[in-house]
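Structures are listed in the sections that come next.
Here come two complexes built around subunit A, the first alongside subunit B, the second alongside subunit C.
Up next, the complex of A and B:
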């Protein structure tokens, strides 16, 4: 085929396509969807629990994955400025969801209208409950930042509460902590004797921040600061650190799937949500497809299914009783959920309002403190 | 015709030898080309043609660089001073606030709060208020939630006036009343004819209405625009916001003169007679009830201080300074970080460059002096890491350098280091220097090699035959000739090093990170692009300054990248 005929053919196709489209109903759905997620085991759980069943029911749909969730906020802003949105659905942490919503980069969601009601008949709004932290955020999972330790390096008394991090006498050696103020500041105050209910009030003051840094100072020389969730499990496996904070799903995978000599704490775990946001400015066809998918992917059964692949809890209350066994190991997953009553005796729920106000300020101080 | 003469010298018009003749007869006159124009301009024209042709050849590249490099960078750098968001989001408040003096009154007067009500109402509907909150939160913690909280309550502000207008005459409840007063004739016709296809006709105010009811007209125009653009609804069918009634109350009580032929003149005059007895609403108290920070002088100072369209705030922040009411001052000591990082970036980049020279020089010398076979093998060894992914190489260093890593294990096994006192080679400046020296080494070796390749062996031999020792022959004869290679390699390595961030991020811990890590953080995580742009601009200026200094000291002509 010569170039000319090729061009001619393409033009004809495009023209034909345009006619078909304009003739079609406005509710016509696009068949391509770009979903943005974190890659790794987490993305795989979404593939197995949401996307594969959806494609089985809608064979025309193709899904392209983009593993850019870590840079989603910056990239969505850039796309918005360039006026070309190439993503259809983005998986982000709640804090990022709130920022994107504040910036007007993602769509506001009408929970009752757009999401399915619970299997047990509760309304979507009640079923998601506290996890609806922003007008734009469609929650999927509850995860927590918590502490893991080397069972063979802590002697006869494995740590049982969070303050073990600050106890260099009983547990000498290096620790790994997140290179962000979140969770570290709360834990420092908690272990410095501040009552749990007062922590955010104290942290809002200069004296309270100084107190938290003073507590962190006591272990500063013994800390490796991590930036990726995979760092701590690796450092623990290598014997580089005695204990360290990371996401509970990472610890579950190191303990149950890889059989490492690692134990974990649930004490003072920092609960957080992860969920979908829909970029603002999608065409009607694309939006219709995304809404259809989201309604399916966040219903009670799908959220419960996801727990078979990763140990993060479903964001819906009605999904909890349906959580079954691990897809490969066959062990019951309910007891590995951060929301399981046995694990959730002492939890922090991330205070998004506080962090959106103090994030910049505390981060500047935290980084300056690290650099000193 | 008395002065008419004859003879060859008095012929007029151009002849083939005119140029020659002029050249001979008048030494200082312009040299002419064959066509009679001056030689200079003729030459220039020919040269210009050549230049144009050359320019056309590189035009695609020039255009490409302009579009994909210069323009985006320029735009990014522009963000470091841009601050339109405050004036655009709070246009009325900024004007009212201009006269406020923080030293005289603690909190601005009622007109400012009224302006804020109207601005915030528009901003909330256009979803700009949280954006503004995030912007001002860079300057003062807590402003972000202040705006978000206030945004949720502001649509009720001014309701007292709405209720009283409606109680006065139910016609005030009807959107048609407002349309009759404010809508322009042409828009009315176009709006009535609108059939749902394409964009709605843009709302236009009736001529003259702005003179009679200025505040209300402006508020209503905002309302109509938001209804059309944000909600895609028809303003003629929507109830105006409370803020429109608030503006109307203000216009009427300020003594607006309603002409007799004004639309709804009777209704307006009746209202004007009544407004004096209206119950009023203390907007300031309302705001303070939502969040007591509205009574905080600092909040207003920040809004006032950042109301100009351009700001030096980001640049000040980038060098650990801040704008205070008393002028520019250092930030609190526990927030100072950027100067430390700039200095650290410079020192560590210099250390990396020196390490690259020390390690790269002998390798390049060997490559230049070995027989071709061995030299090629060596070249492949130098290039091999070049072809390996940066992340793989950096992660490999992690395995090598960590406490339980290969190097420490080896040292413990040999017995140089005690098992309980292993060296900290990673997550600090040492780790960054080691890993980055390795990564940047080829950039030093290659220019060195290409320069050394061109130094004739006979020079060193000649020096030795004249009695120089090996050292003198190297130091006085060989080394000076290889300096251009060192210069080129150093510039490459140094400039690459100060912009690096992936490697320091992975192996640098807290003491080994560079300024670029903070830039990356502000771009991708904190979204403070203004600060990131300011930091980037400073880094760019430092590089240019160093380059200039290098040119002055070493001379850029002495730099050789190849033979």
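Up next, the complex of A and C:
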């Protein structure tokens, strides 16, 4: 206890020091950072919104990107075992952040001390609000898993709600769904008549799970299962599927930036968070640099800036009013955010507590069901 | 006299109605099916048109036109049909299908199909001879087609792996060099390219040096436990890569820490050293195998003769042995280079992000962002590989010619 308080106090002092005397740069900071992210348009948005401005202010710093977020958990485990941490900052989905935190592979964060307060004066903790799903997780964005469809393959009645996935009569053809239970199980129960508020209670029972699988059985023959976020946009662009689930930013990119004949639904979108975790065991200099960067990269303005490059919502409440136009297309981005009131009429928020309890079990059952 | 060289002499031509016509109808149906699908006529209509065209050509051409003119006529007719059905792209497709059909008409009606077989071959043998050629052709097709598909897709103007309708209609607007521009201007691709060009040559030099020495040593009859040593040296090629990679990850992590701590090397430099050494280990077996194979044809009495004239072992090696086994060394080196240049598993484990190579970048790019830039890179790599192989083959022929091993 005493050690922990002492440590906390030292960190607080050190941080207070860096903020007050930031010009003097009292603390030694490492000059190179390896940042792990997802590649593609998302990584580009981070580059434009946080990294380039940060390097402009700190010209000595060089950043190396590693597009390994998809296997971040496994790689961090291996690095920890080998005693050779080559990453400084890792972008992960909230669920992976929780796992890494439980395993002690990433460090705990003191939100109030380490992160900037909101531009409107709200404390960091209130500003991030519900997105602080783990002690180690520094949220950046809200994204959602939702459904896109080919506008030229759905006839005169484009789908308007999520149950179109299960409606083979009105929308014949293939659909693409994520090769894991998350979102699929919820949608199956919702479209099988389970009330939205009861879904997780039902899904916790064996009968409920059987019911979800039975609903999925009705379309199993017509499903292409995807594993990477880029799959569904590609399948839609090819016309190989008539509709499919993917991340809302991918659909925005295919529709607005690539000009494909694709439309999207916001109904029953599955909201989730993505954010930073800091590997445990960094040297003092490296940690100081990372903390300096993270404080800058998660402030109100930076998170709002990111939305100019990709249609994911900022995790801070204070950033929402600052969301402007798309950097190249010039269209207002606020209406493309999953958190925009018009889009968020019917949403699921990923239930981390439920999924951390049932994930292994449901994953196994889902894979067994796929193999049947 | 001329009759004596006619391969079909002594064997009467098969009757047209029961042999060539049905076969041509079937061939026309297949080509028509393909053409119909491409032009959007539908399978039934396409097949029917194909059969009608094939029947007309089979009756008319051989009877009234000599082979050359007849084949051009068939090409022209199908080209016009394609032009009517699908514009410029249809014309090109039609020309190709027509050329094939015209060739088949004369091949079947003139008895050219018996050209490759002796006069006394039975029908069964002739059939097998042609089936064999067909199978060989199919194998080539399945080997090459996936690679060839990549090339036009890399000129796609869209950001997807899709043959757009515009591309199929040969609309110049649907093609662009933007993905090549992206490759040569985007830092996300240039840095991996640079890394690959640093790592692969260094790994090649190490594997060629060590592999050649090992092969020469192992070819000496007095070396004890030659087979066991050989097996160990070749093991990286036999053990599944993922297992080597896992082992290398832990081994080189420790080694990297040691180098950083005790030798004071920078993080970047140790990263490169680790990847180069790991790739060299993967390349050595290829060098050993090719050089050992070349050494089989090497006359050991030459080294004894050199020694007899007072040359030391080093001089003998460089002046006598090396020039003679050079083709094996070079092709071993080429394999080592390509192993390192194409390798993705080991570098993912051993390398840090600063050592990201081209295959690594392609791998992550393919998973996270299906961007045709990957196809542009693939096309460039295919061209580089073809150039490398051509150069090596030319060098090999030249050295053979110089040594008088092959005529011309």
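Definition applied: the second predicted complex is superposed on the first by the 346 of 372 C-alpha atoms of A that agree within 3 Å, B and C clash if a C-alpha of one lies under 4 Å from a C-alpha of the other, contacts with A are read in each partner's own complex, and residues count from 1 in each chain.
The definition used in the following text is that contacts are C-beta pairs under 8 Å (C-beta built on N, C-alpha and C of every residue); 3 or more make two chains touch, one makes a residue touch a chain.
The structure presented is a predicted model; accordingly, all values stated were derived computationally and were not measured.
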Contacts of A:238 with subunit B and subunit C, given as first, second, both or neither: both
Touching partner for A:38 - first (subunit B), second (subunit C), both, neither: second
Which of subunit B and subunit C A:156 touches, first, second, both or neither: neither
First (subunit B), second (subunit C), both or neither touched by A:328: neither
Contacts of A:363 with subunit B and subunit C, given as first, second, both or neither: first
Touching partner for A:84 - first (subunit B), second (subunit C), both, neither: second
Touching both subunit B and subunit C, residues of subunit A: 70, 238
Residues of subunit A defined as touching subunit C within the complex: 32, 34, 36, 38-41, 64-68, 70, 78-79, 81-84, 86-87, 228-231, 233-234, 237-238, 257-258, 260
In the complex, subunit B residues that touch subunit A: 127-128, 130-131, 133-134, 137-138, 141-145, 148, 334-337, 340-341, 344, 402-404, 427, 505, 509-511, 513, 518, 523-529
Residues of subunit C touching subunit A in the complex: 158-162, 188, 249-250, 253-254, 256-257, 267, 352-354, 356, 364-365, 367-371
Residues of subunit A defined as touching subunit B within the complex: 70-71, 73-74, 77, 99, 101-104, 174, 179, 210, 213, 224-225, 227, 238-240, 353, 356-361, 363-365, 367-371
